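Chain nomenclature is as follows: A, B, C and D, assigned in order of appearance, with residue numbering initiated at 1 for each chain independently.
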Amino acid sequence: MNSRPNKSHKEENDDSFHKSIAFALILGQCFGLMPVYGIAGPNERSLHFTWKSWRVLYCFLTLIGTFFALIMCIHEIFWDKANIFEITAVIFFGSSFLVHILFLQLALIWPNLMRSWYVVEISMRNYGWPPKLNRRLKIMTSVILTTAAVEHILVVISNLLRSERCRNDNQDIMNFFFVILSYPQVFAVLEYYLWAGILMQIVNLIGTFSWTYIDLFIMLISTSLSLRFQQITQRVERYVETKVADEVLWRALREDYNKLSKLCKKVNEALSSIVLVSFGNNLFFILVQFFNSLRKRDDTLEKVYFFFSFGFLIGRTVCVSLYGAWIHDESQKPLPILNNVSSTVYNTEIRRFILHVCFDSVSLTGKRFFSITRGLILSIAGTIVTYELVLIQFYGYMLEDPNSKNATC
Amino acid sequence: MNSRPNKSHKEENDDSFHKSIAFALILGQCFGLMPVYGIAGPNERSLHFTWKSWRVLYCFLTLIGTFFALIMCIHEIFWDKANIFEITAVIFFGSSFLVHILFLQLALIWPNLMRSWYVVEISMRNYGWPPKLNRRLKIMTSVILTTAAVEHILVVISNLLRSERCRNDNQDIMNFFFVILSYPQVFAVLEYYLWAGILMQIVNLIGTFSWTYIDLFIMLISTSLSLRFQQITQRVERYVETKVADEVLWRALREDYNKLSKLCKKVNEALSSIVLVSFGNNLFFILVQFFNSLRKRDDTLEKVYFFFSFGFLIGRTVCVSLYGAWIHDESQKPLPILNNVSSTVYNTEIRRFILHVCFDSVSLTGKRFFSITRGLILSIAGTIVTYELVLIQFYGYMLEDPNSKNATC
Amino acid sequence: MNSRPNKSHKEENDDSFHKSIAFALILGQCFGLMPVYGIAGPNERSLHFTWKSWRVLYCFLTLIGTFFALIMCIHEIFWDKANIFEITAVIFFGSSFLVHILFLQLALIWPNLMRSWYVVEISMRNYGWPPKLNRRLKIMTSVILTTAAVEHILVVISNLLRSERCRNDNQDIMNFFFVILSYPQVFAVLEYYLWAGILMQIVNLIGTFSWTYIDLFIMLISTSLSLRFQQITQRVERYVETKVADEVLWRALREDYNKLSKLCKKVNEALSSIVLVSFGNNLFFILVQFFNSLRKRDDTLEKVYFFFSFGFLIGRTVCVSLYGAWIHDESQKPLPILNNVSSTVYNTEIRRFILHVCFDSVSLTGKRFFSITRGLILSIAGTIVTYELVLIQFYGYMLEDPNSKNATC
Amino acid sequence: MNSRPNKSHKEENDDSFHKSIAFALILGQCFGLMPVYGIAGPNERSLHFTWKSWRVLYCFLTLIGTFFALIMCIHEIFWDKANIFEITAVIFFGSSFLVHILFLQLALIWPNLMRSWYVVEISMRNYGWPPKLNRRLKIMTSVILTTAAVEHILVVISNLLRSERCRNDNQDIMNFFFVILSYPQVFAVLEYYLWAGILMQIVNLIGTFSWTYIDLFIMLISTSLSLRFQQITQRVERYVETKVADEVLWRALREDYNKLSKLCKKVNEALSSIVLVSFGNNLFFILVQFFNSLRKRDDTLEKVYFFFSFGFLIGRTVCVSLYGAWIHDESQKPLPILNNVSSTVYNTEIRRFILHVCFDSVSLTGKRFFSITRGLILSIAGTIVTYELVLIQFYGYMLEDPNSKNATC
């Protein structure tokens, strides 16, 4: 189907998505995500997955830790009456667990996916490498993960300060920090040891990280695909402007678009569970944080921290939605340009191109339950407002409660 | 329209949908559903419906029983103030009644429908029989109906235990079980006899069964149709890959797709009322059960039972939605493949095929009020959350009520 | 565009929509709706509208009466605190006023519209007259208006009985009936006279009638158009089955479809305000009645009356939605049949036909804010449930209020 | 692509959108919006933007003033508990700030946009100038801005009267007016001076104006574009009626449609942020005002003022929605006409035209999150009702509060 031959000799120094994404993947592996080997290798052929490896072991350890924390929280809910804080904890550890499972699954097919990607890259070689893609991905990774780190450090410090302030005289700071503030579900059942607390804290850290990481991951993939579609749109534009009439050129262009669409569908199949978890997670935590935002806070530090954290959450959600919708937007852009094609050059290939763009829309989806488009963002916003208003009515009394569990002391 | 002749000699040992579905239909007939004769016969020509038959009589007896129970509940609501438990009972018996009516209707047209189905099967004979279809349908039937049976037995046992625990000394267990726990609406009006209670219990059993059965039935039909569409998609894929240029082959393929679409529309017309009842039912009972899930339960056994039952309900609903949406998904799959057809083989037949897939989407519908697609599942979930939040606000006080009717004693 | 010549000699005895709708229009004119002359005339050329006529005068008198009642209710709301009963009265008289205005507008363009309709009828003469259309329309008119009359009589009788029961000894029945029960808004401001009460009662009767009448009117129009589309579908089916290959025949068929679509658009432009009022009205009153349905009623007669009235309202709304959606459904039906056209007969005309059906969907709309389709019915139902749940929460205390204005005494 | 040459000599007296919109732009500049030079110039070549200019300086001053007011309100919310009045103030000043920023951005690209517009106008010269466009735009501008002025004056007078009535004896009227009634957020922090109050009042005036102005601006742009689409539709109609078969003429017509679509997309890109702010703003203030409308008002003057103001807000919102949707409506109108084209004239150009109209729909959008269509209006209305009902439940107690801040004294 591809009229140009796959070049047999492969320049190893070439740019490729495999290399662009490597930095982010390595960071992910530090937290037990995506236990695949060869991500720093020179090309996508170095990628391989093996069950008997340290990375998979590490992944399983994080899975076990998260699962344990999850069980503790469910146990609490099952035996005592559920409240919003317990449910939040279950969702938090549950999604962390799920994310690790999903990235393990993804690791299995990652080498193949990268090979498919590379085939498209080869066939689109004459478009050049999307300008600044690599730097762009690196900057996104750095900014988002640094902010996440800052946020996590802030919450730990703030809780330590609070432990210092609120503990009884006969209580250890760390004891108060772990047993009362952070993991009451766990240490109500088990006896408290310092190492256990630290382990729980690591599990928590990994959870926080993986929560941010899936958003980042979706953004990186979306950017890479969107920039490719952009290149095709630009070429369409140039062809239309210079009145290219050669049907062969148009066919090549259409086939590039086809290949890219196919790649998108493959990526979507691999990623759609992760997308679903990401959106579900963000939706839930925005609801919870929004609700918390209504509680009166007297402490300035706490206020600043809270709005920083909430802002980060909303910003990330908006970003992942916009970047996700970018693919769909870019993939639709050739349409109006193709409609402008002069009648003298109009041919069957262009007509097929138009029909393809119209009928077979490309986008990331959440398990095909929803497609990420700009319209989705609006309906998410509407859903948040609606649920929030109802939540306020139902749990509103908690906001007034001076003895609330999370009060300043 | 079909270029291949209908084979005149028919191999009786061939697979056919008629045979695959027979097992499920026989089980259904045990509960008065689908009173048609010949479902275990060798081929679809043995099917016939006759009004003067034991099966129709049995069906009418169940109808009368259910109608009686329904009238009792409506009577209660009309004369006393309605509450959520009475309304649930009305919906339960009402939908059971409706399901029997609808399956009676379906039985009337079933022989014809199976003949239409067989015509498509004949014309798709060269695709082979979808692999493992028969086993698949049998496993689905067994798993779902067994779970339903387990659930029903559990609820009876749990209620019997509760009767033992809660009854006064001068009260019979069965008396308490029937009069107080299970059918207060009925025995408030009529005098209590043991046989009357047992009859009510049978009506109840048939209701529970038919409720599960319609979900199962939709899943079986969906699976059979989806696997057929899958075969067409696979052939499209093969044609595209091997660059089949023969317009006659493509025409035959497109006509097979047409015939299957037509069959789907016929099936949809026959089934759409059942789909509507199924979705309405599930939506309603999820709301009710979700609401009940918030009540504090002290008894571990009761907790386990409740979550088992609720999980079964949700699982069934998700399954029926996903299987239903499968038809639509599969029927759309040829589209991207057809868009990839090489320009050298592109012809009028392929263009017509593309237009057909785009414009005339196939899916099961609930009386054409909604189509079952994956998007629907999301909006059902959204609806459930919204209504649930509002229900909680309105009836929330019931959850706290220690003297609630359904309390442990 | 039409390949068949308009027959110059017109048979006066022919069926035409003008004659089918005459019965309903005459009944409408009894209540001041549609003040056009010649509706009972032999053909649509006898139709004419003139401002200086008794019918227009009658229409203006009803407008003045309704406007007066409306002003009284608004006055009440503006000076006292608004409650749900006052708002209902405003909506009732307001919509009655609006309906009379809209039918006056419609009367202006009715003669032209009927002429356009007749042109289509001429060109579709060789399809024959849709079977039983005339009888069908007459039955629909009779059933709906009779039920409306029964309902109105019931409410008057029930209120008279209540007046008899509840009045003080020194009060006249009619006085109580008019001043306390029926029109407190009016007779709080003006002095009470019997003739004034009777006039108010007539205004009320006209309001009730016009409310039912717009629903009926939409149903009649929808039925007439849908049956025409059905005829085209049937011919498409016949052509496809008999493998008609003559492009001229197909062109004629497509042009008939075009003309009918154009007529639909014209009808829609004339009717869309009426559709908007009808749906808005029904939505509002269902919400109010649904809410009322939750109030405990002790009196059996009142219960029966209430559920009769509520059932009629819901039935009418469902009917108007289903009949309205029928046009859209029928207009889409040629599509799957055309997709099945054998490749040997497939031609440009059929392709254009397919594109037309796909792209330019026909339906009645409410001022183009919404189209009446089957999906709409579901979203209306969803809206009703949502608003109802919220209404119950907000005004729920009214339901418990023993001194409520509408209580039995 | 355009078959007709751009006329090289340009008649300066010709009509152009540049001139039609000048009146509105000059009025906007009085309030610091759109600081571009040459809007009153003879043609679009006189337009230019320069950073070092009095207009930009004025714009920046208004920005600073608005920003200051905004900061004061946020400060209030951050330190005290947020209530609905504070949030309203933040939204008010925030959107005013945003609108000034967005118009500054628009001013940067305005000269270019007008040049693109002019190119389309040149190419559509043979359609003539849309009848009465200039007068229409002027009337819209005058009516809306006058009403806004009247409303603003009314609120100032009414507040002055109230200050006179409510102040203590030892308090200055202006003092009470500024410190207690109008800007408590500001003068709680800063000391009160008369000039400071007057400055705040000017900032307030500019905010009110810019709020109305963006609605007006969208309407003006929409009208101009819609009337152009109308001209194309009219020509399509004439071509179809007179059975124009010349492919060259059809091509020219299609290309005009293309150019207009392209212009719409350009305008949309420039305007979509403004559209988003306009709709967000109107939605929010309708919710707030709707809520306020439920408060009991004893003072007739206040009642009249309130309903005038609320009516203006709703009227403006409906207008901006309807005018915005007009573009989409007009751009779709050629479709049914093209479907009616006689088979003898049907050609490739017409087919491309049809596909273009179907697939590439034109409309104004709010940052592509939503398109302005008639359906949008309905969903906005639904959203308002839903949120309103919930708001009433949550904040309903405020309505009863006799000591409410905004009470008559």
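Quick notes on this one:
Simple rule for what comes next: a residue touches a chain if its C-beta (ideal position, glycine included) is under 8 Å from a C-beta of that chain, and two chains touch if they have at least 3 such contacts.
Because the structure is a prediction, the values reported are computed rather than measured.
Path length between subunit B and subunit C in the touching-chain graph (shortest route): 1.
Relative to subunit D, the chain whose mean Cα position lies farthest away is B.
Its C-alpha atoms superposed on subunit D, subunit A is turned by 90 degrees; the angle is given in steps of 5. Shared numbers divided by all numbers used gives the overlap of an interface; between subunit C and subunit D this overlap falls below half, so the copies present different residues. Centre-to-centre spacing of subunit A and subunit B amounts to 36 Å, using the average Cα coordinate of each chain.
If you average the CA atoms of subunit A and of subunit C, the two centres end up 52 Å from each other.
Residue positions 386, 390, 393 of subunit A each touch two or more of the other chains. The touch graph of the protein chains shown is a ring with every node of degree two. All chain pairs that count as touching, in label order, are A-B, A-D, B-C, C-D.
Looking at the complex, you find that subunit A touches subunit D at residues 296, 303, 329, 335-336, 339-340, 342-343, 346, 354, 358, 374-375, 377-378, 382, 385-386, 389-390, 392-393, 396. Residues 1, 78, 81, 251, 258, 261-262, 265, 348-349, 352, 355-356, 359-360, 367-370, 383, 386-387, 390-391, 393-394 of subunit B are the ones touching subunit C in the complex.
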